[in-house]
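What follows are several structures.
First chain A sits with chain B, and in the next complex the same chain sits with chain C.
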Partner chain A sequence: MKIYYLMKKELIEILRQKQMIFMVIVSPVFQLLIFGYIATTDVKNLPVEIINISNSRYSQEIINRIEKSPLFIIKKITSRYESPIKNMKEGKIKAAILFRDSFDRKRNPSGFPDIQILMDGVDSNSSLIAAGYFNGIINDFLLTEFDKKGISVAVKGKSLLRYNPELKSINYMGPAIVAMLLTVIALFLTSSSIVREKEQQTIDTLLISRLKPVEIYLGKALPMLFVGLLDMFLGVTLVVLWFKIPIKGSIFQLLIASIIYLTAILSIALLISTFTNSQQEAMFFAWFSMITFILLSGLYTPVENIPWGLRWITKINPLQYLMKIIREIFLKGNGMKFFYKDIFSLIIIGSITISFSLFIFKKTVSK
Partner chain B sequence: MIKVENLSKSFGAIKALDNISFEIPKGKITIFAGADGAGKSTLFKILIGLLKKDKGKIFVDGEISENNSEKLRKIAGYMPERFSLYQDLTVEENFDFFGEVYGVEKPRKKEMKKTLLEKTGMAAFRKRRAGALSGGMKQKLALSTILLSSPELIILDEPTTGVDPLSRIEFFNIIEELKNEGRTILISTPYLDEAEKGGFVVLMKGGKILKQQELKELKESFTPKLFRLTPSENIFKIMKKLVKDSNIREKFYIRGNFIHYLHTGEKDFSVYIPHSESIEIPPKLEDIYIYYERIFKGKEGDIN
Partner chain C sequence: MRRLKAIIIKEFFHILRDPKSLTIVFLMPVIMVFIYGYAISYDLKNINAGIIDYSGSRYSRDLIKLFTNNSYFKLRNLQRTKNPIEKGEEFLRAGKIKEIIIIPADFSRNIVSGKGSEVGFIIDGSDSNTANIIYQYNNMIIKTYLTKVQKIKNPLKVKTKVYFNPELKSSYFFVPGLIAILLLMVSALLTSISIAREKETGSLDLIFISPLKSSEIIIGKTIPYIFIALFEGIIILMFAYFWFKIPIRGNLLSLFFFSLLYIIAGLSLGIFISTSAEDQRTAMLGSLMLTMLPSIMLSGFIFPIESLSKVLRGFTYLIPATYYLKIIRGMVLKGAGIKSFLFEGGVLAGMSFLLLLISTIKFSKGREKTK
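So, the complex of A and B:
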């Protein structure tokens, strides 16, 4: 019953502080909206220069296809050769396409022009994706032309995309951003909770009360678990209703995974709050932990791409597991049998962190 | 009620408490007076079990109290140095919260809340957030919350620091009432005028006890004579000259426009001060503290 009063007190404190309301409700919604739009690997509105020396029907048709694509904006078309390097260096264009008649009429009797694609490779990922799109447009054009001429192609490759057929990166990133925001909110809010009591000396009042250290610890953690789940609900709702990403799997299983994940992350935050002496210190450690968790979670870079020396850290990074689980549930509609190992890992991490954090808390308060 | 023997506590190389012993009489106000760093807060924290002692023994009603101070916590209410209630909770919510965590039964809590709010004049502010109260009101609220569990022993660590003079008077009126109810009260303070309100006084400096005695006895047994000299020259110039002479400088100190002179031996040092008037005045606790701190320095082994 005493723990109920402590939890009630924690929630009142959160609700009465405007900054806290902002941090718990407004900030995640705002961040999710922003991240949802910017955290994408899709290529859109890529500025392109076209040098069409060939000026043939073929080159014109390919240019038409490029023009119609929402992925590219044609900044300049010229029929005389001009080096596009200057424009690329100045950042005016990210790609240049050169069409010219083939020199070798023997090997190329059809009259198709030679095509050279020049890409700005600074952003390697976007360049590779854009180059892929250009090649796709050209191949598609060639197949149409072959069909018209009655030429059959012996082997045709056809890609079939499952789980995210439109290849929208928001479908991949959206659920992951929810997991990321959950981490940010839980780490930052909770890591200041005990240290704030230390700064205000209210911890002394709690310690000499009839509350046991474990009750104080849980009284701090449980309201934050509630806040975390509230943010999870807000995030998932926004992702589903605003970004139109359907949840294909079980919401209940997502809830279970989130609770286990929050147990681990709250224990880490409370550990930070226990060993630090000021809220600034706690914020620093929370920030450091957050960056490490996010970078090694597979949010931006697949875990398999992380160098071997660092990959072992991902094994003890709880966010990596939640990231995987949330994507499995959202995109593939997979159930527990597909990610029980990740749940199990989360349980192990959660059990170790909560035991260690509670042990340190007990030790610290009885100095 | 509480007896402390050879208590010591260090933080690294700093000795916060250096082998101190004392006995607190039951049903009295005992004041621990001394400047910052005297060890008062450390002592209170050890008594209530918030800090572990390095060595020494604490007895509560004749029984030894272990490190967790469970026995003492059952009978004591402790108010830390800084305001330690929740600023975002209202006066009433603070009462309810602390009543609950101190394990006060619901009917008793309700009754005590009503009584204490009226007694401290806070009934009209019950819906006000604690953070919006004045300094004096905050301290009254903090005191009231610890009284919810009707503690036999009340430990107040610098309760009036930063509190306006009127609120201080009100606060000490409440303390006096509590004493009259038979409770034992321990107060630490850096203000020696406040220490005059205690029945028993423990003067501290640098983790040691300079003197401990009933206030009345302490004053009566104080043998040095105190003179108030009216300087005939600039007071600071005179003191500047005196500082150079280590034999006499400790006997003089500025009090407003006057210089106080502690006459402790046969030789009259007041001749060193150009003055127009010299009047013998009764010593206050401040003067006694200065004597024990500067001149006496535990010559009788009184510092322990």
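So, the complex of A and C:
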């Protein structure tokens, strides 16, 4: 019952400020909407320049195919060679495609032009994808030409795509963004909660009250758990209704995973709040752990790409587990059977951080 | 001038008094550069794939050899299990493998007869990016196989030449970009609290009734952070150059000049938030939600701007980091000069001017009220 009043006070502190309500409720929704559209790894509208010295029927055909593709935007077509490097340096184009007639008629009896792709390699991922797409265009072109000449191809690949057959990256990123925003809100709000009272010197009032340290601790954590779950609910609803990403798995299991995850992340935040002396300091620690958690969670790049020496960090990163679970529930409809190990890891991380931060808190309080 | 100096010194003391924050401010860039340089990588290698070879012929073994003879795939034979396809699907669902390769029983027969055969791939599409890359690796390997088995020379030669980053290392992309993010963190995040803190502790009233002009207070509060940010930028740049061996191809002096412009823009943003926020907590969340996250997501730091929809691309023009990323990548990696980025530099200067003007007006208004 005593905790109830503390919890009420904490909630009132958040709800009292219009700006705070905005930050906790409106801004995550807004962010999710925007990030849902941005955080796609699809490459589109890559600006290219075409230098067509060959000017043959074939080169024209390939250029037509490039023009039709949504992946490339042709910024400029010339028939005289000039170095595209300057435009590349200024970032106006990302690649130049050069068509040139082959000099050696004997070795190249087909009359196809030689093609050279000059690429800006700075954004290595986009470059790789773009080169792959371009090769796809060339392949299609060759296949139709072979067909015309009556050559059949010995082996064809036939691909089946599971779980996300249209390869929409939003299906993969959407749920993950919810997990990310949840982390941001929970870490930042909570990490300032105790240190704020220290700064305003109201902590003494709390300490001389009849509340036990554990009760103070819980009174701080539970309202935030509530706020976190509210944000989670908003995020999942938005992802399902707006982005039309179906949940294939069980919502109940997602809820359980989220609560366990939030417990871990909230105790980390409270730990930060306990050992720092000013809100500014707390914010820096929160920011630092947030960035590390997000970057090493597999949000943008698969965890498997991380080299062995750094892989252990991902093992102690709670967000990594939630990312994996939320994606499996949304996309694959997997049940407990597939991620009970991850839940277990989360529980271990959660109990270690809780006992540690509670221990530190008690120690500070007894001073 | 003397009054300005006094407030600069005061602000410096504020920062130095708090060694924990300072350590984080300087330690964080190093750790983040390290994580970005090593851990964030798009280079897909050793993709786990299951293979089911129903044909078991010379032809199919040749094809499998092509899959194993590179660093792209790590194959796992599913043949020995009772129901290979079912087992494969289960592995796929659990994420143990990313694709199943199926070679049908009539594979060699159909090749020999000239009818043409097929190879089946079942790919985990949940991560569309990875799936796309796997799809392309598959096609590449089949193409190589064709030139071997059918002995048709690929009549169309495509040569690819990559500039500025021939080995396509992700660190070339991320590490210079990180400078933009960390500079913003120092400039916007640190300053955003500076005025809000004085509001909260009540010391703002003291400054209000001092003879200082509003513009002097604003400028005096920003200058110390310029130094910190510059120092930070230099640390990361040195780390990039000496540790990650990222070539600096442009002129350092012009890079310095543009970085200064960018830092000032970030500071103005921080001050702007600071004058609007009621307390430190809102200022922190505000600067995080309104500057940091958009700068990471919308500036082209990770996701290319060209791929965004038109509406969102409009948003990117409002973010200082968009312009600075273009500048720093152009100057560091491509060796571009000042002339290429006059427009971007102008926008940064304009933004700072506008934001500082609004903040000063807002600040003086608040001051009038207290008086």
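Definition applied: the second predicted complex is superposed on the first by the 365 of 367 C-alpha atoms of A that agree within 3 Å, B and C clash if a C-alpha of one lies under 4 Å from a C-alpha of the other, contacts with A are read in each partner's own complex, and residues count from 1 in each chain.
Here is the rule we go by: a contact is a pair of C-beta atoms (placed from the backbone, for glycine too) under 8 Å apart; a residue touches a chain by one contact, two chains touch by 3 or more.
These numbers were taken from a predicted model, which means no experiment stands behind them.
Peer 1: Are chain B and chain C a fit on chain A, or do they clash, once the structures share the same frame?
Peer 2: With chain A as the common anchor, chain B and chain C both fit in the superposed model.
Peer 1: I'd like to know which partner A:Met224 touches here: chain B for first, chain C for second, both or neither.
Peer 2: Neither partner.
Peer 1: Touch check for A:Ala186: first (chain B), second (chain C), both, or neither?
Peer 2: In the superposition, A:Ala186 contacts neither chain B nor chain C.
Peer 1: Does chain A have more residues touched by chain B or by chain C?
Peer 2: C
Peer 1: Look at A:Leu266 in the shared chain and tell me whether it touches chain B only, chain C only, both, or neither; answer first, second, both or neither.
Peer 2: A:Leu266: touches no partner chain.
Peer 1: Mind working out whether A:Leu296 is in touch with chain B, chain C, both or neither, as first, second, both or neither?
Peer 2: After superposing on A, A:Leu296 lies in contact with chain C but is clear of chain B.
Peer 1: Just checking: does A:Gln17 make contact with chain B only, chain C only, both, or neither of them? Give me first, second, both or neither.
Peer 2: both
Peer 1: For A:Met119, decide between first (touching chain B), second (touching chain C), both and neither.
Peer 2: The second partner, chain C, only.
Peer 1: With both complexes overlaid on chain A, does A:Tyr5 touch chain B (first), chain C (second), both or neither?
Peer 2: Touch status of A:Tyr5: first partner only.
Peer 1: Have a look at where A:Leu207 lands relative to chain B and chain C in the superposition and call it first, second, both or neither.
Peer 2: It touches chain B, and chain C stays clear.
Peer 1: After the superposition, what is the least C-alpha distance between chain B and chain C in whole angstrom?
Peer 2: Superposition on chain A places chain B and chain C at a least C-alpha distance of 12 Å.
Peer 1: Both chain B and chain C touch chain A; at which residues?
Peer 2: In chain A, residues 17, 200 are touched by chain B and also by chain C.
Peer 1: Which stretch or stretches of chain C touch chain A in the complex?
Peer 2: Within the complex, chain C contacts chain A at residues 18, 20-21, 24-25, 28, 31-32, 35-36, 38-46, 63, 89, 92-95, 111, 114-133, 135-136, 138-140, 142-143, 145-146, 149-150, 152, 155-170, 172-173, 185, 189-190, 193, 197, 200, 277-278, 280-282, 284-286, 288-289, 293-294, 297-298, 302-304, 306-309, 312, 315, 326, 329-330, 333-336, 340-341.
Peer 1: In their shared complex, at which residues does chain A touch chain B?
Peer 2: 1-2, 5-6, 8-9, 12-13, 16-17, 200-202, 204-211, 366-367
Peer 1: Which part of chain A faces chain C closely enough to touch in the complex?
Peer 2: Those residues of chain A that touch chain C are 17, 19-20, 23, 27, 31, 34-35, 37-47, 73, 85, 88-91, 94, 102, 108, 110, 112-129, 131-132, 134-136, 138-139, 141-142, 151-165, 167-169, 171-172, 184, 188-189, 192, 196, 199-200, 276-281, 283-285, 287-288, 291-292, 295-296, 300-302, 304-307, 309-310, 313, 324, 327-328, 331-332, 334, 338.
Peer 1: Along chain B, where are the residues that touch chain A in the complex?
Peer 2: Touch residues, chain B against chain A: 45, 48-52, 68, 73, 78, 80-89, 93, 96-98, 100-103, 129.
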